[in-house]
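What follows is a pair of complexes built around subunit A, which joins subunit B in one and subunit C in the other.
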Partner chain A sequence: MREQMLKSILSDLNGASADIEASAVISSDGLTMAAILPQDVDEDRVGAMAAAMLSLGERTARELARGDLEQVMVKGEYGYILMSHAGKDAVLTVIARKDSKLGLILLDAKRASKAISEIL
Partner chain B sequence: MLHGTYVSADDIQTFINVADFSETDRQHLQDLAPVAREFVPELTNLFYVRLLVDPVTSVYIEERIEELKPLHMDWLMDLFSGNYDEAFVARQEAIGRAHVAAHIPAYFVAASMAFLRSMMPSMIEEKSQALGRANCGEWVGSVLRLLDFCQFLIDRAYEEARMDRLVQATGMTRKLLENLVMLKAKEKKKPASDAG
Partner chain C sequence: MKKYDNKIIFTGPVGAGKTTAIGAISDIPPITTDAAASDMTLNRKGYTTVALDYGVLNLDGKAKVHLYGTPGQERFDFMWDILSTGGIGLILLLDNSRPNPIKDMQFFLNAFKDMLRQAPVVIGVTKTDIKNTPTTESYARILEKVDMRPPIFEIDGRNRDDVKSLVMALLFSIDPGLEG
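On to the complex of A and B.
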């Protein structure tokens, strides 16, 4: 039931912008709670890595006096990976294309995070 | 059933079963206490000589030998108390933690355990004969089993203490770290020529 609700939020998110290729909700322990990811992606690996990135981001932000973490962004040759908190114990991961309009994606992700945190 | 802070009762029981550590071993160890009293000071001296002659290990202990010797002798005598309860398990775990905190690499401990294992049989043999208890020489297996048990507990404490430090350094939960450790290696794609 909860997974269905999370999936529907992810599906809305992925549909909100053609720039968003995939997304997932991950617990802070790195377990995938719901995901709409390409078939060849290993959910366990992505889950653990995204949760690890967010934790490290949080630590680094605090260490360097940047306050509470809002998001972690990874930019690669072929696009972006955005990770942000969705409530206290979950991570929203969004995978976006290379030439994405980041501002819009961040807004959509923020909205989705809020909806997710209300369910969890 | 016996359990540790880090090691479950089931794991300890499996260790005991596979090592075949029995009530007879416990009794042998207890009976060896007077023999141990004879060789523990000498063994402790040799133990620290080994660590002192190696420049890699000596830096960790050279200024603390007199403080460490009695602690080490107590630990050795504790092996012959005949009482291997939860407090005994906790003491071995605490030793693991103390060594992690002192930044002593785990392989130093493993190496010095190997040294103890190599020295104990002849010392037990010699001192039991001197005490007119020649049969004790055959009980060395019980001591070796217990030393391995201690090393298992110390090693686990090392592992746990390192994980705790990672938790503190990274902010990741314990469970996340376990998940990362358990991730399967990514399968390499086979080159086309291998297919079929």
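On to the complex of A and C.
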């Protein structure tokens, strides 16, 4: 039930912009709660990596006096990976194309995070 | 004694006491990356390491040992690779109260086998107050069959002296000339 609701938020998110290729909701200890990912991507590994990145980001932000972490962004040759908190115990991960309009994606991700945190 | 500035890795299964051990011997407030557990770990404890633990141990004010702790769950095995790069030695903590600590030992020694080609390992067995078997001798016997003879200690991960003796044993097997 909960997974279905999360999935519907993710599919809205993926549909909101052609730039978003995939997304997932992950518990803060790295287990995938719901995901719409390409076939060849291993959910478990994505989950663990997102949790590790976010946790490190949190520590880094605090260590360098940047306050509470809002998001972690990774940019690769072929696009972006954006991780942000969805409530206290979950992470929203969004995978986007390289020529994405980042502002719009951030906005969509923020909206989805809010909806997710209301479910959890 | 020359100046040492070296990195050692703490690994082992969930709940063996890696975060606790680093906290016990670090001379700086350790960096931890705990997250609330939602998997099987919950049966054992509320929080689990998701990226790394980091601490520093100063020996005689000359040698500085950087201590890195890994997450225990296999889904974080990419962190094992990242953290073990450049490590001069491995400390494997085994939780004797887990169902099959011998299998845990074999699993982790295998997972870190690339690192162990050049670096020594020391084994610390924790929670022997909860379950006193297997004994350190049984661990040693099994390792002898694959021609490994690492130092094996029963330790309390909360006890600074216990953990420090593990680190010292590891440093001795790297450089027998080292004076603690």
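Here is the rule we go by: the second predicted complex is superposed on the first by the 120 of 120 C-alpha atoms of A that agree within 3 Å, B and C clash if a C-alpha of one lies under 4 Å from a C-alpha of the other, contacts with A are read in each partner's own complex, and residues count from 1 in each chain.
Please note the rule applied: a contact is a pair of C-beta atoms (placed from the backbone, for glycine too) under 8 Å apart; a residue touches a chain by one contact, two chains touch by 3 or more.
Since we're looking at a predicted model, the values are computed, not measured.
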Which holds for A:G30: it touches subunit B only (first), subunit C only (second), both, or neither? both
Quick check on the superposed pair: does A:S117 touch subunit B, subunit C, both, or neither? Answer first, second, both or neither. neither
For A:A52, decide between first (touching subunit B), second (touching subunit C), both and neither. both
Could you look at A:Q71 and tell me whether it touches subunit B, subunit C, both or neither (first, second, both, neither)? neither
What part of subunit A is shared between its subunit B contacts and its subunit C contacts? 28-31, 44-45, 47-49, 51-52, 55-56, 58-59
Can you tell me which positions in subunit B touch subunit A when the two form their complex? 169-173, 175-176, 179-180, 183-184, 186
Which of the residues in subunit C come into contact with subunit A in the complex? 31, 33-39, 41, 48, 50-52, 71, 73, 75-76, 78-79
The subunit A residues in contact with subunit C across the complex are 27-31, 44-45, 47-49, 51-53, 55-56, 58-59, 63, 89
Where on subunit A does subunit B make contact in their complex? 28-31, 42, 44-45, 47-49, 51-52, 55-56, 58-59
